[in-house]
Every structure is written in C-alpha cells, then in structure tokens.
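Heads up, the next two complexes both have chain A, just with different partners, chain B and then chain C.
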Partner chain A sequence: MAPLLEVVDVEKSFGVKVVDALCLQVEQGDALGIVGPNGAGKTTLLNLIAGDLSCDRGSILIEGEDVTRTSPDWRCRRGLARTAQIPRPFEGMTVFENVLVGAVFGAGVPMSEAHATPVAVEALERAQLLSSANTRAGALPLLGRKRMELARALATRPKILLLDEIAGGLTEAEVLELVETIRAIHAGGVTIVWIEHIVHALLAVVDRIMAMSFGIKIAEGDPAEVMASPEVQEVYLGVAPE
Partner chain B sequence: MTGHRVTRSDRQSTFGLAVSAVLLVVLVLLPWWDGDGSLRVPLVPILYYLALAQMWNLLAGFAGLVSIGQQMFVGIGVYTLLSFAEDFGVDPYLSVLLAGVVAAVLSLPVAALAFRLRGGYFAIGTWVIAEVFRLIALESGFLGGANVRTLTRESLGGYSVDTRNTVTYLMALGLAAGATAILVFVLRSRLGLALRSIRDNQEGARGLGVSVTRAKLVVWVISASWTGMTGAVILLHNPSTRAESAFSVLRWTALVVFIAIIGGVGSTTGPIIGVAIYWGVREFLEDADEWRFIILGLIAAAMAITAPRGVYGLLQKRWAVQFFPVRRRLVGPGIGGPAPGGQSQPAPDAGSTAR
Partner chain C sequence: MEWLNAVVQGIMLGGLFALFATGLSLAFGVMRFVNLAHGDLAILGAFVAVSVTSALGLNPFVSLVIVVPVMLAAGYGLQLGAFNFTVGADPLPSILVTFGLGVVIQNALLQTYSADSRGLDVGSIEVESIAITDAIAVGWIPLITLAVAITVLLGLQLMLSRTALGRAFRAVSDDPATARLMGINDRNLYAVAMGIAFATVAIAGVFLGIRQSFGPTDGPAQLLYAFEAVVIGGLGSVWGTLIGGLLLGVAHGIGGQVEVSYGYGSGPLLGHLVFLAVLATKPAGLLGRRTE
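Let's turn to the complex of A and B:
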C-alpha cells in the first residue's frame, strides 16, 4: 500500500532555496517530529504539503494520489488537516462556529450542520474548549487560539494532522496538557506530523524525527539518535562538535 | 448524541422577525386600501433600491466581491423583458422570471473573467465588463441601439392601469423582501458559514475544506439573477428606457452602494436603514436628481470614514441589537460563556466588516 503521505524531491525558493530536494514518507499511524533552527524551512514545507504554497518542483502524494496541483481545501477533504504557526481564527465568529466550519466542509462531502454539530462538539471536547464554545474567537487568549486551531483541524476528521509549533509560547503546565491531548489524538488513529522547538514535548509523542537546516534534510530516524547526532547538535543547537 | 444542540434566535431577533412580519403583511395588503395608487407607485423605487442594495450587500459585505458592475445585470434584466415581451410576445410578468434566468446564465462567463481579478481590480473589472454590455446594447440593432425603447401597452396585454400598478408594486415588494430573506437564509445556511469564515480569514477557511471560489460563485449567480429580475421590474415601473439609463453605473451601482454603506454593509438590517434614509432624502429633494446623488454620496463618504459599519453599526454598538437570527449558539452540558443575548461578549451579527 502507498504511504499515507509522500513528499518527493520537493523544492521551493523565495529567491534563495528554502526547501531543497526534500523527500519524506509518512505511513499510516506514524508520529513524526520535525526539528530545525529558525528559518530552516519547516513551515514552508508544511505549507507545501497542505497546499498553501505551490511547489517549484517535485510532488506531494496522499495515499499514492498526486495532489501537487490541488488546492488546500481539496487536500483537506482528502484527509489532511493542519494547525498554523500563527493561528488563523475567524475572529467574528464564535469558537463553536469556527470549529463547525471544519466539521461541515472538511468532510469528503460537505456535511449537514445537524450531522456536523456532534463532530464539532467532540473536537471541542478533545481540545478542552467546550466551555468557551460561545465565546467570540477574537476574544480568546493565546492558549485558547492554539486549542482552537487544534479543534478546527480535528473537526475535519483528518487521517493526518500537521501541527506547526502548537506548543510554542505556552507555559510548561500548558505544554504538558497539550502533549496529553496530542497523544490521545495519535492513540485514536490519527497520523501526526509535528514541527516543534520544545524538544521534550516532541519526544513524549513522536516515534521518529526529521531534522532540517537551510531547506535540506540533515537527519531522520529514531528521536534520541537524531537529537544526539553531531549534525543536529551543530546546526540545531548551535554546538560545533570539536 | 452528545446532548448538544444549536439555537439561533434570542429575544431581540425574535422581536425583529415579528416586526418585519407585521410590516410585510401591512405592505402586502396596501393595494386594497390605496385606491388611486398614490402610495403604491412612489414606493416602488424604494423597494427596488432595497432589493439592489441587499444584493450588493450580499456580494460586497459577505463574499468580499466589491462589484461596481451591478448595472450590467439591471440592464440585462431590462433588455430581456423588452425582447421577450415586445419582440417575442411573451407575457411581461413571466418575462420578469426569464430576466432572472438570463442574468444568471450571463453571470457565469462574467465570473470566468472577473474572478481572476482581486480586490480593486475586481471592482474595475466588473465595471469594464458592464460597459461592454452597455456598448453591445447601444450597437445592437435588435435591441434598439441608442433609441428610446418602450414597453408598450400592447405587450402589457389587457391588464388595466390599476392592475399593472398593483402587480408592479407587489413584484417590487417581493424582490425587496425576498432579497432580505435570501440574505438571512444564506447566512443561516452552510453557505453563510463558509462566507463568514472566508471573510474573516480566507486561508484559514481553505485549510478547513471550504471551497472559496465555489462559495463566491454561488453568491455571484444569486445576486446577478435577483438583480436581473429587479431590472425587469424597474422597466415595468418606468416603461421607457435607453441603453444609457438601463446600464447606468450612477443609478444602479453608485446610488446602491451609497445606500448600503450609509445603512451598514455586512449586516442584513443595514440596507433597510439605508433605503429609509434614501427615501427621506428623496422626499426632501423631489426633483433634484443630481443633488440626490451628491448628497447621498457625501453622506456615504462621511460614513465610510467615521462609521464604516454604517448606521446599523452605530446602533449595534449602542444597544448590541441583532434583528435577524443568523448567529449560532451551542447549548448543552459543559458550556459556560456569556448569558443569553451574548451582550458580555457580543459575536457581531455575521456582521463585522473586518476584512
């Protein structure tokens, strides 16, 4: 069977190459972490996978199907969901309505609101946002916004969930709560690809890590081994191995 | 399953619905005590301007499609009615419906062109395309060229003046009330959910599976069709026309935009307030057409700068009102949040113009 997600030789340049000849395979049930210094091209890679940016070269496949030329909404309906590093809330709508959008339109065929409501409620519960369901999204604090990104993505009932620094900016206690939430989502059968700088949070969830620098994959494999490898120590932690 | 459900109305919006229902019944019954037509006839322009303003509001305020080419659909409606009723002998009132169909069909190739353009370019693009339609009408021998064309008594069949006045009035009323109802209905539907999400964050909406182009296209066709039918009713009210007036950007877009902006774009109630203000200005300056444009234009410009959400926005800020229930509230176990009415954390009537 084809992998759930396949990135083949993908390139993106903004004047300089930000993602360079990158290949990646994610199997159903994987939990992959992506690390790399600021500006390494992690978010750009995620945008290419989700369709928010178009590839200069290479292709993206979901379950063996080439989706390189398709729109982000189409990829979402094929089972790919993401959270954004900078949350993209619908500020004038309530938290519930925000999540309802994902539940209604993220399904393969748009769902009726009546059918989508329990899906949205479940997503709100999982993201621990149910108590603020009728709050205007624009009034949410940072943690709430991050949780809402997660709830909206979950409401699309994804096969694969792409998380971009969802733990960034949170307190230690909040990070631990979020880790539990993501573990539960993964345990529920959702494949995870998680970009994160907070390494201990990542290590608590993922079973594989890819490290990138200047758009190039520099290491991939067992989390502990990758984090301990000299290449990663050098570029990611800024430690030159003497 | 989870024991949660969604409610739409609160006390204010139920009140709003009740008031509009009573008003609508009064207006429907009006012909029966307005014997000589002295009320019906002058109300027709107020009503068709409300229909036009609501349709522009749907486009610009909810789908982000700032069209300044609405006159093309008015003109298409006018000339469809003329052709069908005058040249092919179709019943004029049936032709009003055909005007809606023709406008909807023609709106598709227009969208294929204009939807490639963004923001200000879209606005200019729709204007240019409307000009092309005007030139086609002006050059077409079949449509009558630059000549004045009139919907004649013959093609209006055996209908008496009184019947004609009443039917035109009721049609204009149907278009105005229908336009408002379409807005409320669209906003309450999944399409409305999509539009509001697009308005707040287009990329975010796409990421959640919302097909942005499709949502906008549906709105575009609805608006074109309704505007086309309104154009046909404008001809019924004022049976002589020329290409210059049927495709007038000033009458059928600029004035409409002024009305919508003054009342409040992006809300279902704003254009109703705007058209009431238009009525006032019209009564005040009965025969000064140009002055009407200038004064309304100045008010609209002042509003756009000082109160971008119009008079309705000011009212809403003051009293947190919501007349038509479009907002969804989740009720059930585990939900905290503001007291019913949502005044502590108002989620605006699908209405923030934040874009």
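Let's turn to the complex of A and C:
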C-alpha cells in the first residue's frame, strides 16, 4: 500500500535553495519530528506539503495520489491539515465558529452545519478547548490560540496533521499540557508530522526524527540516535564533533 | 411640514441607494474587490429587464424572476473567468479591470439599445401613493423599493451571521490563506459573492428603471451614489450600507427642498457634502471596522 504521505525529490528555491532534493515517507500511524536550525527549510517544507507554496521540482503524494499541482483546500479535503507557527484565528468569530468552518468545509464534500456541529464539538474536546467554545477567538491567550489551531485542524478530520512549532512561545507547564493533548490525538489514530525547536516536547511524542540543515536531510531515524549523531550535534546544537 | 416631507421622501430614495450599495459593499467586504462597473451593471440589469418585459410581455416586477438569475450567473461566471485573477492584497488590478468592463458595458448597451432613454412601465401603481397627512404622501414604488432594500440587506446579514456560507465568507474575508487550509475553495466562494452582488445590483437597476428613465451611460452617476452610501456607512458593513444609503437619501431630500425654498443648492450637492463630512471626521464610515 502507498505511504500516507510521500515527498519525492522536492526542491524549492528563493534565490538560494531552501529545500533541496528532499525525500520523505510517512506511514499511517507515524509520529515524525522534524528538527533543524533556523533557516533549515522546515517551515518551507511544511508549506510545500500543505500547498501554500508550489514545488520547483519533485512531487508530493497523499496515499499514492499526486497532489503536487493542487491547491491547499484540495489537499485539506484529501486529509491533510496543518497548524500555523503563529496562530491565525478568524478573529471576529467565536472559537466554535472557527472550528465549525473547518468541520463544514474540510471534509471531502461540504456538509450541513447540523452534521458538522458534532464534529466541531468533538474537535474542541480533543483539543481540550470545549470550555472556551463561545469565547471570541481574538480574545484567547496564546495556549488557547494554539489549541484552537489544533481544534480547527482536527475538525477537518485529517489523516495527517502537520504541526509547525506549536509549542513555541509557551511556558514549560503549558508545553507539557499541550504535549499530552498531542499524544492523545496521535493515539486516536492521526498521523503526526511535527516541526519543533523544543526537543523534549518532540521526544515525548514522536517515534522518528528527521534533521534538516540548509534544505538537506542530514539524518533520519530513531529520535535518540538522530539527536546524538555527530552531524546533528554539529549543525543543530552548534557543538563541534569531537 | 414640507421639510418633514423632504426627509420622508429622502428615506424612500435612500432605500434605492442602499440597494445599489449592497453588492459593492459585499464584494469589498469579502475580497477587497472594488467594482467600478457596479453602476453600469445596474443599468445593464435594467436593460435586461427592458428586453424581458418587451419579449415576454411581463410586468417589470415579474421580470425580476428572470433578470436576477441571469445577472447572478453572469456575476458568478465573470468572477471565475476574469475577476479572480485580480483578487489580492492590492485593489488596483480590480479597479482597472472593472473600469474597462464599465466601458465595454456602456458601449455594448449603446450598440444594442441606442442612446435613447428608456423606462420600465409598471402601470398605474407608478403614480399611486398613500397620504399620511395632507402634506405628506408616500409613493408605492419608493415604499416597495425601501422594503425590498431592507429585506435584501436583512437577508444578507442573516446569511452572513447564521449560515455555513456566511461563515465561509467571513473566514476568507479575514484570512484567505487560513481559510484554504480549512478546506475552503476561496475562488469559488468569491464567485458566489460576486453572483450575489450582481443579483442585488440588478434588483436596484430594475427599481431605478421603474422610478425614472435611464440610458446606457447613466451607470457612473449611480456608481457615485453607491460609493458614497458605502463610504458613509462603512465599507463591508451590512447595516452600515443601509444607514449610509438612508442618510444619503435624506441629504438628497433636504438638499432638494433647500433648492425649492431658497433657489440655490441641490440634492446631490448636499449628499456630496455629507459624504465629505463623514470622510473627514470618520474615514472608516459610521459603522465601519477600523482598517488594519
């Protein structure tokens, strides 16, 4: 069976190559972490997968179907969801309305609000945000906004969830709370691809790590081994190999 | 009493202005799209009604059943085929494209219908009115126009606040990139919005045609009033559009009465002055959201 997500020889350049001949396979049920220093091309890779940016070369496949030339909304309806690094709620709407938008339009075909409402409620529950459902989204604190990004993504019933530095900017206690939520989401059957600088948060969830530097994959495999490898120690942690 | 009458007649006229402004406001609110052909589209709608009424022998009111779907489809198609290429952070491309469209519509109408003024005849109701007092009588046509304007705007507001489609409109209006990530096909949604805008301006055009005579080149003047109503009320705000239209109408009414009583000034002049005053003191409009 084709992998859930396949990235084949993808390239993107903005004057310089930001993502270079990158290949990646994600199977159903995986939890993949992506690490790398700032400017390594992690967010660009996520944007290429989600369709916010178009690839210069290479292809992106979801369940064996080539989606390289399709729009973000198409990919969303094929089962891909992502959260943004900086949360971007629809500020004028309530939290519930925000999530309802995802529930109505994110599935394969638009569904009626009556059918979408339980989906939105469930997404809010899984993101542990149900108690704030009627808050105006613009008024949420940072952790709430991050949870809303999660809830909105979950409401589209994703097979695969791309998380872009979702733990960034949170306090230590908040990070641990969010990690629990993400673990539960993964345990619930959603495949996860997570970019994160906060390594201990990542290690608590993922079962595989890919390290990137200057758009190139420099290591991939068991999280502990990857983080301990000399290449990663050098480029990511700034420690010269002995 | 004649001043009160001027205000009442102004409110009735304001209904027509609000109806004109609805589509302009919706297109700007949803996709920051400035439609300079909006007035010409109203006139186009009125001419389509002329053809429908003469070909099928229908009453102009009944012709709306055909005119509105035709214009709705035209708006939907134009957005998908042309306008979508101009949608973006910069409103200038939309201004250029719709300026061109306005020229095309005016000349196509001149070719097809000649430069003669036309009217839409709805029979004796045109001159019938309800006497409220000895000095004040309200015409049926202006009253129906106002009622239709309020109904259209109320429907639009309910759609925006209560339905999935309305939520999607608000979502793309706020942040189209994020809306796409939620699975919303924003291009198609823009086409729906433009379809609705065309439909409402067609209604406005038909009511204009019933109220007064019109010619192929009358669009830009209507556009001006529509813009003024939208700016007075606040861009992208539904209730603001209604209030803007009514206020502009009242200004026209009072200005007209000033002209009658004192021999100088005019309705449109006072309307423009009110518009300038609002622009100078509340640039975002009376009910407008502050722009980021």
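The definition used in the following text is that the second predicted complex is superposed on the first by the 242 of 242 C-alpha atoms of A that agree within 3 Å, B and C clash if a C-alpha of one lies under 4 Å from a C-alpha of the other, contacts with A are read in each partner's own complex, and residues count from 1 in each chain.
Quick note on the criterion: a residue touches a chain if its C-beta (ideal position, glycine included) is under 8 Å from a C-beta of that chain, and two chains touch if they have at least 3 such contacts.
A quick note: this is a predicted structure, and the numbers were derived from the prediction, not measured.
Clashing of chain B with chain C is the outcome of superposition onto chain A. Within the superposed three-chain arrangement, the count of touched residues of chain A is higher for B, of the candidates chain B and chain C. Of the two partner chains placed by the overlay, chain B and chain C both lie in contact with A:72.
In the superposed model, A:84 makes contact with both chain B and chain C.
Once the two complexes are overlaid on the shared chain, A:104 sits against chain B and chain C alike.
In the superposition on chain A, A:64 makes contact with neither chain B nor chain C.
After overlaying the two complexes on the shared chain, residue contacts for A:132 are found with chain B alone; chain C is out of touch. Contacts of A:117 after superposition: chain B is touched, whereas chain C is not reached. Annotation: chain A residues 50, 52, 71-74, 76-77, 81-82, 84, 88, 90-93, 97, 100-102, 104-107, 110, 112-113, 152-153, 155-156 touch chain B in one complex and chain C in the other. Those residues of chain A that touch chain B in the complex are listed here as 50, 52, 71-74, 76-77, 81-82, 84, 88-94, 96-98, 100-102, 104-107, 110, 112-113, 117-118, 121-122, 125, 130-136, 139, 152-153, 155-156. Across the interface of their complex, chain A is touched by residues 1-2, 4-6, 190, 193-194, 196-197, 199-201, 203-212, 327-330, 332, 334-338, 342, 345-348, 350-352, 354 of chain B.
Contact residues of chain C toward chain A in the complex are 163-164, 167-168, 170-171, 174-175, 177-186.
Of all the residues in chain A, the ones that touch chain C in their complex are 50-52, 71-74, 76-77, 81-82, 84, 88, 90-93, 97, 100-102, 104-107, 110, 112-113, 116, 152-153, 155-156.
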